[in-house]
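In what comes next, chain A is part of two complexes: it sits with chain B in the first one and with chain C in the second one.
Showing the complex of A and B:
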């Protein structure tokens, strides 16, 4: 990665951070109730699963691929966790099994992309429809009910579960952020995305890297499905519709380029914070629900257009500096 | 690029084979699949999607993507409706206005992508929300523009010379324009170059930004034209027009061999892809197979076709590398391809003819036996959405009635709320010649034309759950009027709040017609009978339990004085209840319209006080029973009552069959119901 690119990706992180700051400022003045402890912890708990998927998606997007099947995998895994737990399996074991199921779906996507050579958007478009409609077909829309008592909150109490979920998600996010920056495997992800041919010539197994990032995303989606499912005592079969849009939007608003090679976990976290806070913030500000979607779209556009407008001048600046040094 | 690559580059042969296989297969399996009438029907409902797919082809060829086309359809439809009905503009002026809106939307995408150099995916993801959001904002989700003049509706519903759908010439014209642009012009070549390598195109002195801007502008324009056809086709303009079309259109484009990396793809391929997709869907409907299977098969088809294409290309690539370049003249290749194409057509033609002859033969052989045995009645029943637990429980009753009566039940419907899909299915059923059609109507104005057509062909039509225009159906199985539901809910709220206090509504999707009608009656009832109650806000749940949960969590904090949540979508009630329970707000009541089974835990815990609903199982039972009676000519207009199996005598008022008053489920009786 060149100096310019590093700098450019930080531009995005700054514009997203300032958008968040602006939103917070408006909220502090107009609706301080937003910052109550209950609201923040509710928001956090609702978005932990989304964060897990978004972090996985960051890896996939950095390699220059995309996965729009996460919503369907999320639904299938949620239903699977309920069925396993109903069959008497302890929830910890059921959770692990569901993560494996997610890994399997992710690896399937990855293998089709890396070894058969089909573009990822095509593969995941296909698995998205196939899994979603397959689930509808198998369950006929019936929810999973009569779950054992130990299912909700992973058998913990409502008070202790958020702590466990936050710690687990935080550790995974931090580990991936660290690995992506400092481990050889993480640098291989960037290399594969920024120039696959060069990465291959440098001796990296780009096909294996691609398959792995899809598998990791699948695993995280499985885990997210479990963390989401255990907040309730029954599981609907239409969960996760539109999840892929939410997640991809967070990742790209956070500065990752869909052509691969750039992006960071920090950016994704910022992007998700902006998008996840907007909806409830508008409710707190008393905006009518009918205009909410339009305003959310406008916020995404403004957040990214801001650095689009700023970038040319920034480039000139960097160019001039480079010229001066030469 | 050698001529060889130009002809074989896009895997269209693979796709052509797939299409032929589909046609052959479905003509053998599905009655009436291979008829001219059906061909034109397929064309009719795939035209709007087709326009989007055609418009997306140059975008994707140039290495971009446009996710906003479906939302643009919604915005253009609403703009057209507003201009025509609110501003009283004439139809042509309103159409021009809608197209201008489409151009403006396309120009916005073009500006952000070509001028500011922002990634297309994220820009159009933003405008995807923006356009749909503006459409919802203008109409407040609820306004449904109908009552367009019949000259305009002819564009979407009429036939030229009695057979050709009226919108076909317009479609052909636009496709021809796109073919000229992409394949016969310098601009088209520039688009391929840009898709292949934008950097290289710039060095070749191509105006990259202007060319890229052009395709996004055109895609907005075409989406708005498509919206006009959609409005004329369904007779209504609503903010949810074209929802989800962008993914179907992209599927058709990539199935047609266009590379998502840019630089490769043809309009012909896209049309073939569209044909493969649509004939798969129609074939499944005509064969009476579950619609969910279509999604699974589409996925498999997509991967298989692209994988086969990749495989062939790789093999061909390896061969050319071994042998070196084979020099073939353009004209020779053209002749060769022409010959192969003609041969394929002949083979296809003979196959089709053979299969028809065989199936006719089979039918002929069956004929005498069939007439000896009594004709087995097939009743086609359509829910609003198949996966919805509400309709799943109706299905149990429908199957029960079909067993008792000894009739065949064909239960199929859209997988999500989708008025256009409902029309398409009814058309399929008319082609299939079922004995009776029973529809839970998603959109009153939209479906009535096609239902009238069914009646004109001698197929009795019954509506259930929600009604169509009275002259478009024989009978309506009325479970409870919108007013009855609204009054029951409002009175219950008033009882729980003892006549005073604030409450909030969690609805389904903001544009859901049923819910909006209930809300209107709830407001009326509040005004007349319960002035002490105050409705503070209405929030959407999009029929998603988790979203209803999150919305309720926020509502509880923003409006601490709200003492009652009224959820009027089946999955929203348990969502709201869970939020209230987790917040520990024992002072907040939850009531709503939902199914007993998914609410049992909450009713027993005392979080949910009352669930209002009719007996859905009985509703499905009665709908099939009434349809069978009409089909056997045992129920004619003017009847005062019918004898409906285990339900006993059921009252008929005019042409409405009345199921009874809504039920109130609470702690005392909820365990007696299982649906």
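Showing the complex of A and C:
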């Protein structure tokens, strides 16, 4: 880790962090109620599952792929956790089984992308639709109810659950951030996304890398579904609608390029914090909640425009235009 | 004879590498003007500028005496300039008739399509070009020569007065070449001019009136075809300034490092390639673009595994099914197009250098960044890579230094056999000499080196032996003392025996 590298690659992290700081400053002055223990805890608990998925999505986007099926996987895994639990399985075991189910869905996506060679947007569009409608058909839209007592809060107390969930999510996030930076496997993820031909020539197995990142995203989506489901006493079959957009937006705002090769876990965390805080912040500031999505959209546009301006092709375009005028 | 097209003082650089330097070229009505030169001499760049695909840094273009300050592809078409490239550029999913119509009916967005007329015209034009192709066939189903004929029909249909043909015969058979020549005769009789680019010198002599030779981006000679003979032309093409000295020193060769026997790869059009290279030897691989040189490297490296024949390393037959297996066997491959296949532009120098040998800078599965930096710094010093630091992104370096980073990656795998594909392509003269010195140094350390190059002086200057390829197989092997530019060219152009 050196100065040049820091300066070059952490511009986005710093700008998102600054935006968060500015937002917090405004809230401190205008709506200190935002920082109440309850509000912050609600915000945190609601977004821990989103963070898990977003971290997985970071890996997928760095390899230059995308997965829009996470919302459907999330819904299927949530329902599965409830049904397994109702069948008498201990919640810990059910949770592990659901993570495996997520892994299976992710691996399927990944294998279709990496070995069959179908573009990831098409593969995951198909699995998104198939899983969502398969679930609707299987459950006939009925929510999972009458969950066993042990299901709620993973069998923990309402006081202990937030700590456990936060620690688990935090450890996983830190582990992936570390792996991406310090393991050879992490290098393979960046190289695959940046220049697959060169990565293959360097002896890296780019197909296995692609499959693995999808599988990891699937596992994390399964875990996220469990952590989310246990917060309520019934499980909706329409959970996770729009989750993929929320997650992809966090990753992109955090500095990952959808063309692959760049991005970081830290950036994604910051991106999610900024986007997730915007909605409640508006409420506290007395702005109509209808503005929430519009403002989030604007944040995404600013982030992407910043990418475009830094890209050489844009500079060439501007240069050519200037040349033509001269 | 009126001058149809004249280019004067054209200069062009790509990212600091000079492609053309004050080139002047003109084309008269009713003339075939051949443009010849080695690969990379600047022929393609010159035509791109004439057709508006690239903009010259300096110089002027004039068509029929009128200066055209801002040539664009659309402008070129309206001025009657048509180009036929070595690689046809048809729309694979459209029919032949539609492909022809697209180029001729440009600008009529709202007009209703008269399908019958389209078909008729396509059929007529194909007939005129002497091609028997059904206008309803999809362009994607055509063979290379057929696609080439469609391109020619397009040029005829556009009533082009200036037709640029870039290696038009590269994929044609003799009968088709005859037909092409009669089309050229037709165009020329109608007062058109043809710029004819070809590696096949006998064609150049058969068809052209004048010849311009490009070398290293400069137009070194323009002469009437009748006033020059083949040896003189070849010498003009390859002639170099005397200060271009190669650091070749004779060294004792070691044992045979790599041998391939009857290697075939149908997918890549490679068949029955046999060659061997010893420790300490530089084996030059010459041949025209498309003769199978890069495909040979890709097959040996396992990128596209062979489907026939044998690869022996130190006398032991091995199977190489993937690049990682090749790396384990001690083979390294520095590919041709470094931006596409060589370096990862967004990664720093250190990460690029370690990409193929991460295990060497890792302990217990974790990358030791300090070790990685140290290793990279060692190569920066040894290969004299000019970079602010090893954390600089490779995209910020010059072409020569990017190439050295690619080389560092492969040297750090500790290879016994090093395959270099166009190691000095697009690299400035200074870096070129350094890379040559490095190659010699590596050979002296006992590496077996296979060096693919389109530059004959490089091949002749650096190689102990030269393998010449033609049409997917070896057309001859020359020892250092036997190898001359003429012999290599002769083997590359018109093979005697496979």
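Remarks
Criterion: the second predicted complex is superposed on the first by the 292 of 326 C-alpha atoms of A that agree within 3 Å, B and C clash if a C-alpha of one lies under 4 Å from a C-alpha of the other, contacts with A are read in each partner's own complex, and residues count from 1 in each chain.
FYI, a residue touches a chain if its C-beta (ideal position, glycine included) is under 8 Å from a C-beta of that chain, and two chains touch if they have at least 3 such contacts.
Keep in mind that this is a model prediction, so the values were computed, not measured.
Counting residues of chain A touched by each partner, chain B versus chain C, the larger count belongs to B. Residue contacts after overlaying the shared chain place A:195 against chain C, while chain B stays out of touching range.
Contacts of A:245 after superposition on the shared chain: chain B is touched, whereas chain C is not. In the superposition on chain A, no contact is made by A:114 with either chain B or chain C.
Of the two partner chains placed by superposition, only chain B is touched by A:228; chain C is not.
Judged by the touch definition given at the top, the superposed model places A:91 against neither chain B nor chain C. Once the two complexes are overlaid on the shared chain, A:182 sits against chain C while remaining clear of chain B.
Looking at the shared chain after the overlay, A:204 reaches chain C, while chain B stays out of its contact range.
Residues 55, 70, 301, 303, 322-324, 326-327, 333, 335, 340-348, 351, 355-356, 358-359, 362, 365-367, 369, 373, 388-389, 391-393, 409 of chain C are the ones that touch chain A when the two sit in their complex. Put simply, chain B touches chain A in their complex at residues 112, 116-119, 121-123, 125-134, 136-137, 140-141, 247, 250-251, 254, 259-261, 290, 292-296, 298-300, 302-303, 306-307, 310, 314, 386-389, 391-392, 395, 415, 510, 537-540, 542-546, 549-551, 553-555, 557-558, 571, 574, 578, 582-583, 597-598, 601. Of all the residues in chain A, the ones that touch chain B in their complex are 31, 33, 36, 38-39, 42, 46, 66, 112, 116-119, 121-123, 125-134, 136-137, 140-143, 145, 158, 228, 231-234, 236-239, 241, 245, 248-249, 252-253, 257-259, 279-280, 283-284, 286, 288-298, 300-301, 304-305, 308-309, 311. Interface residues of chain A facing chain C in the complex, by the touch rule stated above, are 1-5, 8, 182-184, 187, 190-191, 194-195, 197-205, 261-262, 323-324.
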